[in-house]
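One chain, subunit A, links the two complexes that follow: it is found with subunit B in the first and with subunit C in the second.
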Partner chain A sequence: MSLFWIVFRQLAEIEAMATSKKLITREEWEKKLNDVKIRKEDMNKLVMNFLVTEGYVDAAEKFQKESGTEPDIDLATITDRMAVKKAVQCGNVEDAIEKVNDLNPEILDTNPQLFFHLQQQRLIELIRNGKVEEALEFAQEELAPRGEENQSFLEELERTVALLAFEDVSNCPVGELLDISQRLKTASEVNAAILTSQSHEKDPKLPSLLKMLIWAQNQLDEKAAYPRINDLSTAMLEDPAV
Partner chain B sequence: MSSTTTTNSSNSAPPAQDPASYFVDLLRHSSPWAAEDSHDREDEPTELNTLNSSGGFLVVSTDKLSVKYASVNLHGHDVGVIQANKPAPVKRLVYYFEIFVKSGGAKGQIAIGFTNESFKMRRQPGWEANSCGYHGDDGHLYRGQGKGEPFGPTYTTNDTVGAGINYASQEFFFTKNGVVVGAVYKETKAPLFPTVAVHSQNEEVEVNFGQRPFAFDIKEYEMQESMKQQTAIGKISVPPNVSYELVRSYLQHYGYEDTLNAFDLASKSTVPPIYIAQENGSDEQDILFALTQRKTLRQLIRNGEIDEAMSKLREWYPQILQDEKSATCFLLHSQKFIELVRVGALEEAVKYGRIELARFFDYPGFESLVQDCVALLAFEHPQESSFGYLLDDSQREIVADAVNAMILLTNPNVKDLQGCLRSHLERLLRQLTVCCLERRSLNGDQGEAFHLRRILNSGKKAKC
Partner chain C sequence: MPTPTSAPPHSAPDFLSRLASPDPEIKLKALRDIKNQIIGNRTKKLSFLKLGAVPAVASVLAASLSHSPDDVIHNIVVQSAAVLGSFACGFDAGVRAVLDSASFPHLLRLLSSPDDKVVDAAARSLRMIYQSKLAPKFDFLEAKNMEFLLSLLNSESENVSGLGASIITHSCESGPEQLALCDAGVLKKLINLLGGTLSQRNASLESLAAIFRGNPDVVSKFVEGSKNGSEVVLKCVGSEGVNALTCVSELTKDRNLRTRLLACECLIVIRNTCPGYLQDIGIKMKLVNLLIELLDDPGQVGDDAPSVFSSLITEKEDMQKLAFEANAVNKFCHHLQKNQLNPKRLQGVLLALSDLCAKLESCRLAFLSLKVLNSVTDALTHDSADVRSAACICLRNVTRSIKNLCAGYFMNEMLVIPLVRLLDDPSISVQVAALGAISNVVVDFTTRKSTFVQCGGTKQLVQLSKSMDSTLRLNALWALRNMMFLADDRCKETIILELTASLLASLIAATSTGPEAFPFGMTAPTFQLQVSASVKSLKRSDKVYLIVNLCSFGILTADPEPSIQEQALGFVRNLVDGCAKSIEFIFAEDGIILDAVGRQLQSASKAEIGIQGMYVLGNVASGNEFHKEAVMHQLLPQVDNGTQSFMMKFLQSNDSRLRTAAVWAIVNLTFPACPGAFSRVVKLKNAGIESQIRNMVNDPCLDVKLRARTVLTQSMTFSDGLT
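Let's turn to the complex of A and B:
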């Protein structure tokens, strides 16, 4: 095929794409929406999955009663999981480690990165509380040997120990380690590991379905103009731009 | 429908405008007769099509899974080409098949690829329009023109070569001895048949439509392809609290008040606390409308206490039950009937049915459900009968949802009917489903079907 033909064909395709975008009116679209079969019990499951994964144990219990939806995990395990999460969020890392091991000692055994991050968090808490000597001892005994095994652990250890070098940690380059967000990060890592150990997905399904909706709308935009939902929280249908 | 409208609501008027009839439809859909969208099962190629091949030039084995070039080729049109008995299935992510070259014969002019239904059975795949072929003697790829383009390595005796269609990327791809050789855009949306060709003396190939393990790890390929999509989706960000808000408005919408209270209480103590913008204050008021009453009625219905639910409803919202032939009345009466059957009070059920259900018998839209209800009487163990679905918990839930929606509709501020029938969450799920279906239909119905149920039930290993 000559170059001319290739260019010609591509131009023709581009033109066709510009003009052949299918227009779907609101009326047609609503008819399609009405034809979809959504089961109530499936929506209930989706909500239950959110409550369970995010750890709303009381709400999950109530929802089980009010809607008859069975949770996809033993509700008692949520309480334990949330206790661990909360312990990390409050800075009681030692307590959290103990609780994880009570739940299932394999979680930390099989997950060296998580264990390292918990120990790192413990070091951060010691520094936060001004226990310099204890922090040094802990870093040398517990963290340094692990750092030698793993380059990325070593780098994180360096960053953490650097906290000790500053008098005013609130204004130093590694100060973010002392931020609440660092605790939340560690807490959600533990949370995910516990869920995985319980053969449960670590993330709720609802947010990924919402992502999928945005993705599907974007994909369809390439081929059609149709009523979109732009604001997920109101779920209002907006007319296609013509 | 005729355009004439009768002003007096006659008895025969179809209850189409009755919002609660929406829930009657839902009930009908929950019956085992309602077609589940499972028609994405397709035939797959299983053997070679001996009826439509260039007979004379090739010999097909008795198991119809291998071919051999039988004569000495004289000129270019003596191709021995053969298609599979069925076109490649399209409602999936990937289709794939393989050949094993038993003998490269005199010239090794073997080809593998895909051809359409009207393909001329004297040509190599790729020589004709709407076909594509990877040729063994030159390693070239042919797609619609007589001249090939350099593509991959040549192949011959003892090589295993595969051809596939990736419906997500709309590409043909080829493999040699378990390794991808390359891919090329598939222009046609027409059904395509797996095709092989032999073209010189003693060339012999065996075809594998999946009856034996493939040399190529197709499962892994498939997984990586679906990961590509997953990764693209994963990169999309949604506003942080939107899931939380949707769950909350879902609980409000359906009147799950106890859950809502526990949910609100817990989210106050999360770290960091969840902050919800309160700008849509009026919406919040509307969705909280009659929350406690809706909760109470739902509980009664879920417990099977239909009489109590109806008397409460009469007390609080007499207008809802005013029309004795409304869908709401029908749903409650049929549920009451079902509850009587459940506890084995059959005589009472018969009596109740005569008084309260008989009048719905000739109602379009209601009659099949009435019949199903009454049919329960015929079975000693109605639970195990094909009408047993009526005794499911989900049935009560739908009746409760109908009452809930009717109460929401009595709110003088209510703006649209849809908002009372469907929660935000449901509207989003419908939009998601239609977008996926529409995208696929614009793609010639090729690729994986979208199944919300499958997504919801995935990743859950039965444990505990």
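Let's turn to the complex of A and C:
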């Protein structure tokens, strides 16, 4: 064999090593997956954790009955928590504050940021309803003292009061405060604080598991071609592109 | 048209009348309204407090306890407990009002209620009270109390067991208390709580730290006693053969930031208490990095992290070095530059930086290179006294940098003027801290000491050296002493004119002022006693007035504090250091300063006083004939009253520093080129001092040995004339 051929073959091999990833067929993949054992109880606990954290109290009750999975929290507290969350989502902030205080007076007494955000939401609702005078009085009486205590609160307060300066609030730079997303943000902050006060994680575990799945797939993509899950909602294994 | 929903809020007196209503429903509504107004709202708490809401709510609670319980009454009890708890939450004035209202025993009684809601509400309120320093101290040494505490810790309710832990955190201070808790089995309960809910875990970590602090016996019981035992330990670490210490270490990785901080604090208390535990480099690095990370939290955890960090590195050079390598100086300086820091955090950051700069020049240089000195000088005028004091302490440690002192870097108006202003601060601790910083700044090796004199600093220091507060006197004198260090004659003259020779003499030692100088025939001690008892209640201006008068009465005869006498002598030592002209200062007013030095040396209560005093005499003895003879006069009084001369005592001292100082004086007195040297050598020989020095030619201290030999060589020059 001439030298040319030897060099040529070596080059070809190097090229193949660089480009070709290990290919795993669907059959091989499914076989590997079948070898992994998952306990049913663990699955049930994850589902229960999701239902409880997200506040699906009726579903959690049914699920407890049907699967025999114990929730890691008193289900009655979920109802209270959801009532608070709902009150904020509907703009009844004062009502929400009273409910939180009934649930546990420590939450707002020891969490100045959350308390400020709830008061801020109250101000936003007053402005939304066109109660300008009341809004100004409320800002001065209730929110200004908090701004004196904390610089970042003062900045947020200024931003909120700026809503009053615009004729057309929907097109003003701080207009997003009136958006429904602001209510949802405040509601989820209250929800998280209540969960923490009940020694419960504020986020369900399932999303983190899925995040980890995506991360692991991305890592694996660099080394192999395999049946991938692209659509999380169907969890369909899709054939590797060869 | 007014909108129907914007009805005017209830006026405050209205709340009180509703609370007093005979209708329980109205009462209940009023309680709920107050509760929802004050929770989270400091301003509202204060205004309700001023209206007398606390006693009103307390009496509603007291009255409800005697009623037969129905739903409304029961609800009133829960709500009033919650209101009282909120008044006590993070608000000392509120705690005081609640304690004054005598609701404390009522709340305690509620803990034994059959109703869980009532128990929870009462426990929560009591926990709030116990989180304040004002809460009454709980006596653990009383058997009944200990039983009660254990029943709290055993409770299923997290509020009740948390209350138990809070009581320990608040009240456990002394060694016997720590041991009593340990012997009663509290450690085991607290270890169990580590595996409980978030609030139980945190409360337990805090209590553990309180039980451990400064008590190595308890710490080793915790570490050794928990080996192969507790299920909780197994549960939280997941493997056998480990102890509760590992359990606490694991909690430094907890998701909850407060838990992480408290676990760090607990570990630091353990390693500071028992130097045998947690010393490996891995755990040291872990603690440093964790605490630096926690600093980034914008909330309370971040506010508290700097002080925990300080407790890790304070007085520990190895830890300071590690922290420096972990970039801690940069990190804290970076925080310092942020605007509008919470006062507690600002104080913590300043103190952490001062701890970092306490020993290591590398840290000070890093700090200075980051150009944050302006932020520190800004903090000197902060509203909070704690912050002002922390800024001074930070400056004190940063200005230990000899390199920068030599360059005259700190003697500028930006720094000096606000510091001098703080000498007038209403808070004594700020004054003391400012004196600490000034003491270092005025050492300044350049000739710029005049900057300090010009802005009135010297006057202020002299004023403070006459203060009724001994810490102030001590630190003021210290600053003056450093000011004297290598100062030029003009500067020295300004200071001594301000201070006056007689005051200086009085700070050094007692004069012969008789009791007739005191009003109403009182003797000096009685008068002083009465004055100091009443002076605490005086206004500042009155105090100054009093001090001026006391000086004229001659009451400040001898400062009662040996440490102040030492500083005063150190001051004189620097005063008479240098040329003959400097030495003349000590002969002002018929030499009362020198006499005072002599008297003080006669009765010196500690070695440090002897050392400073002997250096004063040594410095004076380096002057002209007249100066030397004056020293001789102090060393060998004309009248022999049978007491041993202090010179002999010092030469025979066990303290080599004192021996050195004493021999130096003799070296200067016997310097052969001086006309009177011969007669002095004879006198010293007759007093037995020369033979004492002969015994010292092989002194274990090299310095003493060399000086003793110098003395002998010098007196040998005259040996022909001696018999």
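Note that in this section the second predicted complex is superposed on the first by the 222 of 242 C-alpha atoms of A that agree within 3 Å, B and C clash if a C-alpha of one lies under 4 Å from a C-alpha of the other, contacts with A are read in each partner's own complex, and residues count from 1 in each chain.
The working rule: a residue touches a chain if its C-beta (ideal position, glycine included) is under 8 Å from a C-beta of that chain, and two chains touch if they have at least 3 such contacts.
What you are looking at is a predicted structure, and each value in this text was computed from that prediction instead of being measured.
Trainee: In the overlaid three-chain picture, which partner chain does A:212 touch, first (subunit B) or second (subunit C), both, or neither?
Mentor: The first partner, subunit B, only.
Trainee: If you count the residues of subunit A that each partner touches, which comes out higher, subunit B or subunit C?
Mentor: B
Trainee: If you stack the two complexes on chain A, which partner ends up touching A:66: first (subunit B), second (subunit C), both, or neither?
Mentor: In the superposition, A:66 touches subunit B alone.
Trainee: Is A:192 contacted by the first partner subunit B, the second partner subunit C, both or neither?
Mentor: Neither subunit B nor subunit C is touched by A:192.
Trainee: Could you tell me if A:58 is touching subunit B, subunit C, both of them or neither one (first, second, both, neither)?
Mentor: A:58 sits against subunit B, while subunit C stays out of touch.
Trainee: Applying the document's definition of touch, where does A:98 land relative to subunit B and subunit C: first, second, both, or neither?
Mentor: In the superposed model, A:98 contacts subunit C only, not subunit B.
Trainee: Between subunit B (first) and subunit C (second), which does A:201 come into contact with in this model arrangement: first, second, both, or neither?
Mentor: Both partners, subunit B and subunit C.
Trainee: Would you mind listing the overlap between the subunit B footprint and the subunit C footprint on subunit A?
Mentor: Subunit A residues touching both partners: 198-199, 201.
Trainee: Which residues of subunit A touch subunit B once you look at their complex with the stated criterion?
Mentor: The touching residues are 1, 22, 24, 29, 32-33, 36-47, 49-51, 56-59, 61-63, 65-68, 72-74, 86, 89-90, 180, 184, 198-201, 204-217, 219-220, 223-224, 226, 229, 232-235, 237.
Trainee: In the complex of these two chains, what residues of subunit A are touching subunit C?
Mentor: The touching residues are 97-98, 101, 104-106, 108-113, 115, 131, 133-134, 142, 145, 149-152, 196-199, 201.
Trainee: In their complex, what parts of subunit C are in touch with subunit A?
Mentor: Checking each residue of subunit C against subunit A gives 3, 5-6, 32, 35-36, 39-43, 82, 85-86, 89-90, 124, 128, 158, 197-199, 255-256, 298-299, 339-340, 342.
Trainee: Mind listing the subunit B positions that touch subunit A in their complex?
Mentor: Those residues of subunit B that touch subunit A are 26, 29-30, 34, 37, 145, 232-234, 236-239, 242-243, 245-247, 250-251, 254, 256-263, 265-267, 271-272, 280, 283, 295, 298-299, 302, 393-394, 397-398, 401, 423-439, 442, 452-453, 455-456, 459-461, 463-464.
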